[in-house]
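Note that chain A is present in both complexes that follow, paired respectively with chain B and with chain C.
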Partner chain A sequence: MMQDVASRENGSWLQATARQRLAGLLDPGSFAEFIGPEQRVESPHLPIFDLPRAFDDGVVIGRGTLGGVAVLVAAQEGQFMGGTFGEVSGAKLVGLVRAARDHKQLPQTILLLLDSGGVRLQEANAGELAVAELMRAIVQARCGGVAVIALVGGKAGAFGGAGLTAGTCSRVVVSEQGRIGVSGPEVIETNKGVEEYDSRDKALVWSVCGGKNRRLIGMADAFTDDTMDGFRAAAQAQLAVSKPLDLRTLQHEQARLAHRERTLGGCNDAAAMWTVMGVPDPDAVAGLDTLDFITLAHSIKDANHDAR
Partner chain B sequence: MTLDEVLGSLFPAGHHVAVSAEGWITGHATRKTGGPVSVIGVANGVALGTAGVIPLAAQVLEVAAQDDRVPILVLVDTQGQLMGRRDEMRGLPEYLGHLAKCLLLASHLGHRTIGLEYGKAAAGAFLATALATDILVALPGATPAVMDMPSIARVTKLAESRLRELAKTTAVFAPGLDHMVFVGAVAAVWDPAKPLDEQLEQALAAASPDDVRDVRGAERKGRPVAAEIAKRVGAEATGQFGLHAAA
Partner chain C sequence: MLTLDYSHTADHRLGGARSQAIIGVVASGNLEILLERVLPGAACEVQIATPVKGYDATWEAVVTEFVSRSSPGGLRISINDGGARPDTAYLRLMQGCALMERS
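Moving on, here comes the complex of A and B:
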């Protein structure tokens, strides 16, 4: 029963596995995997820690079509080692983006289904370096016209290296449950104290790194409900508006981020930021349904831009 | 070496590099060869947050806008990204990603970028600065770390003593300069007994936008399979589309 939930069009993206998400996102039957689990490309390092391995090391990569458009795809499996970047899982992502960068005949759109707590600490050095290579490959690919679209709505969110990776993508799609950050709430609480960040205060955590705040401040370009259909429609819409990365893009992003620092730097909480940004009723944001929230986000100037 | 010592050895004839009260390094200097070099960075081990990214990225973009191939030197001594609720709330991943993108774009536009780690470097701030350069070098005594050993122990549920034992046989997880050399992140460790200006020229000559870190990690046996897997993905992708894999 549970396994059927995600295969339905209105199935939850949050609850689904990486493979279920790809099946729900792409045109039916269009997905073909690169380096599939039958090749058993596993982590050479996890056995040192007496940890079980996965035949795909928690990343599924391949090709497919979305509304008839050929795309390359990669999906992190948040349920295996928190979707973390290890040597193998990271190299699969790096290899995919480099392939699009180097071969113009390959699909020039990449969908990254991020669901990751960041670097896998058992392989920390290899994982960190994989993120660095991925960010470099994404920027080089984007300079050559490849569109890289991040989809964030899994249980692990996009933290650490995955958060920075989202920041290098052409466009970012997020659901309310899709959290994006560098340090997670628990890490900040452990290091800085509960007065700084109470990780058990769920409403606080969502207001900081949850999808609604990410969309309102302009860190995500599209908001969707937590369904396969929702992510599919949002990703398709972003295909049409992705532009190559150039100097002007980053000059505009610099202006945008400097403006945000200037105008929101003194805010102590999300409601204060949203007030400055022109949200009429900040206290109502958490309760807005998807359509009403999208309408609101479209009306906020700083939330809508093409400078990423 | 202190930052003053580093700058003095890099630019014995003097420089126009300043460190702000917050610890942001900005400015420029003249190379041994006579050409200009732009210098940015993080000093005093401070944490990099949203506010720090703005002046550093601004200088990188100014350099990138000029068609003169002036190289950019990134000096790094940072404890990592700023850990705070408000910086996260304002979108820290986007700011750190922005700084990395600026460095990567400058590289793409023909400006060689070189990272010099002379102190600490950790986690997200490492990715946004040193690891976003064409070539990363370090001075002895630098302490790069993705995560500190106590945190790794907490996550892996293994005793620190056990982890230290494991770290003797694999470079893949434990903090430290030697490990970062083995996995290919750090291209070379400079000799502080020799003039740094000469070593800067050597590093710049070796710098390239082509990412060779995975190949280097395989050669040094610290990251055994990444390069081969990335290549295999490319071969399988081009093969499935009926293209030739050569590139």
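Moving on, here comes the complex of A and C:
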């Protein structure tokens, strides 16, 4: 694994490649890749569309250590085809989670570095299947005690299948730049009209699906600044608090979501939701720095829960 | 998709102990380069897969200049191109060589 400027402690997670993120996240020199680029396991579909392939099909998987703790890792490369789920990239993710599920001698913590717009349209059937299989594998692995921690802070965010996947994880870490959702802003605008959602209004987009709102409404469990060290520290903190999935967890999650629908369902924008949740000065949220925002999020009751 | 193959004999074998390195990403205006130390002596092979047709002479000039300047003997270099400009391609090739030269 290369060590370069981009992977240094204060390097930007948003700007980094998947490989640079892994180098910045894990203990130096600890990463060992599975199915590396030299094996050339590439997409069988992209050549039909005269599109270039990637040697790793845009997903890097392997194992390493985080603060001395053994972990499995998967990182989506958001710059390649939007980090999309294809046949190969999807199979690598599914295979990794199933391996943790089935082999207790493997590390029982998985870090998913999500950076994806969802399913790759050129291989959509395979991609949809991969998303379904991945979510199922995560739930099964969690029932067996595996902790699956999603880290979201890439340019593609976590949309479509990646947003759904984040919803199945034990814990979710997000940065302000990270976005989580199912239908992305452009998709909503195309289907519902610009009056409903203007995808070019970046303040609107981030206020809805950006990291701060996702943390406040409880879709994400931890918030970090956009640095390698920030994600490293946040991921380490989540290692200690991830719990196995059982019926009680699901009941808590159902109650939490029902409560959210009841209290926030009538709101028209993010500031209205924050007002209902008891944020003292909703208009100031966008301008808060990381530490002040984390303090605020900890003080909001509904932002913190033991569901998921 | 266009595949271009170039075989060169470099001035000398590239130093360093790394067996492989990868640099760059297949994205618009970018490319990824996989370097593998698998060839004997000073041989160097470069294979390029690119969706952009009509720039064979430019690729050949970039590769020839790179080989004469970096002497990447022993390397098989594989490129997935996303439509990178010649200066980006050259930069990535130099970065890749620098990675391979590390101990």
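Everything that follows uses one rule, which is that the second predicted complex is superposed on the first by the 303 of 308 C-alpha atoms of A that agree within 3 Å, B and C clash if a C-alpha of one lies under 4 Å from a C-alpha of the other, contacts with A are read in each partner's own complex, and residues count from 1 in each chain.
We take it that a residue touches a chain if its C-beta (ideal position, glycine included) is under 8 Å from a C-beta of that chain, and two chains touch if they have at least 3 such contacts.
Nothing here was measured: the structure is a model prediction, and the numbers come from that model.
In this overlay on chain A, chain B fits alongside chain C without clashing.
In the superposition on chain A, contact of A:44 is made with chain B only, not with chain C. In the superposed model, A:54 makes contact with chain C only, not with chain B. Ranked by how many residues of chain A each touches, chain B and chain C are led by B.
In the superposition on chain A, A:304 contacts neither chain B nor chain C. Of the two partner chains, neither chain B nor chain C is touched by A:10. By the touch criterion defined above, A:80 reaches chain C but does not reach chain B. In the superposition on chain A, contact of A:19 is made with chain C only, not with chain B. By the touch criterion stated above, A:263 is placed in contact with neither chain B nor chain C. Contact with neither chain B nor chain C is seen for A:295 once the two complexes are overlaid on the shared chain.
Put simply, the nearest alpha carbons of chain B and chain C end up 14 Å apart when the two models share chain A.
Annotation: chain A has no residue touching chain B in one complex and chain C in the other.
The residues of chain B lying in touch with chain A in their complex are 50-51, 53-54, 57-58, 61, 64-65, 81, 83-86, 88-98, 100-102, 104-105, 108-109, 123-124, 126-128, 131-132, 146-147, 151-152, 155-156, 158, 166, 170-175, 179-180, 183-185, 209, 211, 213-214, 217, 222-227, 229-234, 236-238, 240-241, 243, 247. Taken together, the chain C residues at the contact with chain A in this complex read 1, 20-23, 25-27, 30, 32, 34, 36, 49-51, 78, 80-82, 99.
Only residues 32, 34-35, 41, 44-45, 48-49, 61, 63, 72, 87-88, 90-92, 94-96, 98-99, 102-103, 105-106, 119, 121-133, 135-137, 139-140, 143, 158, 160-161, 163-168, 180-183, 187-188, 191-192, 196-197, 204, 207-209, 213-214, 217-219, 245-247, 250-251, 253-254, 257-258, 260-261, 264-265, 267-270, 273 of chain A touch chain B when the two sit together in their complex. If you check the complex, the residues on chain A that touch chain C are 2, 17, 19, 36-38, 40, 47, 50-55, 58, 77, 79-81.
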